[in-house]
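Structures given as structure tokens follow.
You will see two complexes here that share chain A, one where it goes with chain B and one where it goes with chain C.
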Partner chain A sequence: MEIEVTPLDPTVNCLRLQGRLDAVAVDRIEVKVNASAVAPGHDLLVDLSAVDFVASLGIRLLITAARSLKAKGARMVLFGAQPLVGEVLEHVAIDQIVPVVADETAARALLAAA
Partner chain B sequence: MSDDPRDTEFAPNERTTIMMTMARPRPPMSDEREHYLLQVAGTEPGRRIRFGRQPLRLGRRPPAEALLADGEVSSLHCEVVARGSAGDALVTDLGSTNGTFVNGRRVQGSMRLTQGMKLQLGRQVFVHEYRTPAEVAHADELAHDLDKASRYVQSLLPPRLAQGPILTDWCFQPSTQLGGDAFGHFMLDEHRFACYLIDVSGHGAGAAMHSVSVMNVLRQRVLPGTDFGDPAQVLRRLNTMFPMDEHDGLVFSIWYGVFDRRDRLLRYASGGHHPAYLEAPGTHELAALRTRNLVIGAMDEAGFTAAEARVPEGARLFLFSDGVFELHDRTGRAWALADLLPWLSQVPPTDEAPARWLQRAVLEQARPGPLEDDFSLLAVTFL
Partner chain C sequence: MPPRDTSLPGLPPGPPALSLTLRCELASFEIAQRALQGLLAPHEPSARASFGLDVVLEELLMNQILHAHPSVVEPASVTVQAWVAGDALVMRLADRGIAFDPLSRPAPVMPASLDEARPGGLGIHLLKRYARDLAYERAGDENRLTVTLALR
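Take a look at the complex of A and B:
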């Protein structure tokens, strides 16, 4: 699992995850995600397009990041999930805590509209 | 006391032996790393085989030094040996019939083996470790604690119901790391039967402790002011009782259902959980039972909804954790939920142990090796 955080503009970061978001990967990236992607005053778009599997620990990682951002007054949006990952997100109804949209354009539009 | 024979002195008298033992400090544990093969699947999980610069042969019978009781293992199967640079080892296939595999790749001649790589012979799977004796002792202690936690979870699982109008069968196969699954069933009263399955998102003793806490609340029915016949209310109360902020960041998914024999309705609610499946007798058709709710503990103000399904006589409910379908098959392909479903409809209707039948069928499809997650499956037949 590789991660990459890119500033899209002064108030929005994009976290790109790549590979399998399983227990081993979560152990490896959890601290890094919280340190680099959960920043006060910065909304976060999470690009899931290169993620081919997400385990329950991965779901917990996303929920924790969304909650931390909310506590810091920022927002998070997930986008680009492949069908199998999308199925898992649907099963856990994660959109009740963090919006899930199709692509980056929709994610940016959602932040702009709010 | 020391058990080193050099600490014992013998008097030079044939009739009398004077044994004198001397206390001396135990030599400090070496901090030099050594090579081990830790068995993670097969006949003796947990077994650790040490090897060094002297080649060690693995096989089914002597002269192999490490013996493996497995019909798929050849008499002399392969050998392992430490190499010059630290942590490096070499595995050589000794012309075995069924092959030696490193990380799923068949060894042609010899192959390098480094820390964490998997070595497989027949159904026996090992992980290569390069550790100090102190680290090994620590790992053994942790494994022992996990084993105890696993036994505790298993001791709380309900007896299977083999007679009466409702029959149950289940299997619980914990992963080596213990995945935080738990399930159970109980009669609410003479008419109503309740069953549930929870899966804590995490591994190890912490996740197991959390699942046991939730399980005990359900077993004892100690959620204040809760009607256990109302699945949505049960989930709502659990969500209030187990917020992640107060439970080390842990959340869990749950499927909870109550069957009433009087109206033959199954009322159910799920939180962050994939569906359970109800199969009508003789049809092979599966109805997905799920309500769209968040995992438990993630958000204080989350709402929870329930639904109901009519249960024909002879219908069977399958309730399982994601460890049952999030596995890799023998070709290395990752399964998803859709890959499991055809197997549910293939369970023979008259089989008295449908959960264990499914467990065998599914694990035969799976790549040999340790389970990545707990494998928990509950089957309920409503007569």
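Take a look at the complex of A and C:
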């Protein structure tokens, strides 16, 4: 699993994940995600378009990061999930607690509108 | 609907097509995944079935690593037998960890907000969603869980 955090503007970062977000990957990237992507005052868009697998530990990582962001006054939006990954997100109803949208444009629009 | 099956499917007529003894540690994921996907490949599973196998495998092994053997210092082990029966993959896991029937766990209550969300508790839920049937029995000091997955 590759991860990259890039600033989109002064108040929004984008976390791009690539590969399998499985238990092995979570073990390897969890600290890095929380250290680099969870920044005070910076909302976070999470690009899932290159993620081809996720299960409960990957979901846990996303929820933990979303909670940390909220505690720092920031928000998370997930976008771009492939169909099978999107199915897992639906099974755990993550959209009830973290916005899930189709693409980056929709994610940025959602932040701008809120 | 979550799968419910109280009876254990029978073993295949011959030896199982695949039999693995795995240490309960993260490194076992790749070993198990390669072996089981290799068993499945000639049967041309759908992309969803292949994905579902990986989900189920991860949830089962994480349960072994995190919960099944709380008093064991060295990594414990779990035996996995698998075979294809008609349009399904059957996996039978056996371990000598604490008694644990995943079918007895209630469905999680999905949080209404981030404040209510608590990490964890989703693994069994996903296991039930992706398995076609699940059957559990405690035989002596052994947990036996049989998971059936549709190939398509």
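Here, the second predicted complex is superposed on the first by the 114 of 114 C-alpha atoms of A that agree within 3 Å, B and C clash if a C-alpha of one lies under 4 Å from a C-alpha of the other, contacts with A are read in each partner's own complex, and residues count from 1 in each chain.
One rule holds in what follows: a contact is a pair of C-beta atoms (placed from the backbone, for glycine too) under 8 Å apart; a residue touches a chain by one contact, two chains touch by 3 or more.
Predicted, not measured: the structure shown is a model, and the values here were computed from it.
Superposition of the two complexes onto chain A shows a clash between chain B and chain C. Once chain A of one complex is fitted onto chain A of the other, the partner contacts of A:Phe53 extend to both chain B and chain C. Shared-chain residue A:Ala25: touches no atom of chain B or chain C. In the superposition on chain A, contact of A:Val33 is made with neither chain B nor chain C.
Legend: residue contacts after superposition of the two complexes on their common chain; A:Leu44 is shown touching neither chain B nor chain C.
Of the two partner chains placed around the shared chain by superposition, chain B and chain C are both touched by A:Gln96.
Residues common to the contacts of chain A with chain B and with chain C across the two structures: 22-23, 53, 55-57, 59-60, 63-64, 67, 84, 87, 91-93, 96-97. The touching residues of chain B, counted against chain A in their complex, run 177, 199, 201-203, 244, 249-251, 253, 272-275, 290, 292-295, 298-299, 302, 322, 326, 334, 336-337, 372-373. The part of chain C that touches chain A in the complex is made up of residues 26, 29-30, 47-48, 51, 54-55, 58-59, 61-62, 110-117, 119-120, 122-123, 125-126, 129. Every residue of chain A that touches chain C in the complex is listed here, in rising order: 22-24, 27, 53, 55-57, 59-60, 63-64, 66-67, 70, 84, 87-88, 91-93, 96-98.
Chain A contributes residues 22-23, 52-53, 55-57, 59-60, 63-64, 67, 84, 87, 90-94, 96-97 to its touches with chain B in the complex.
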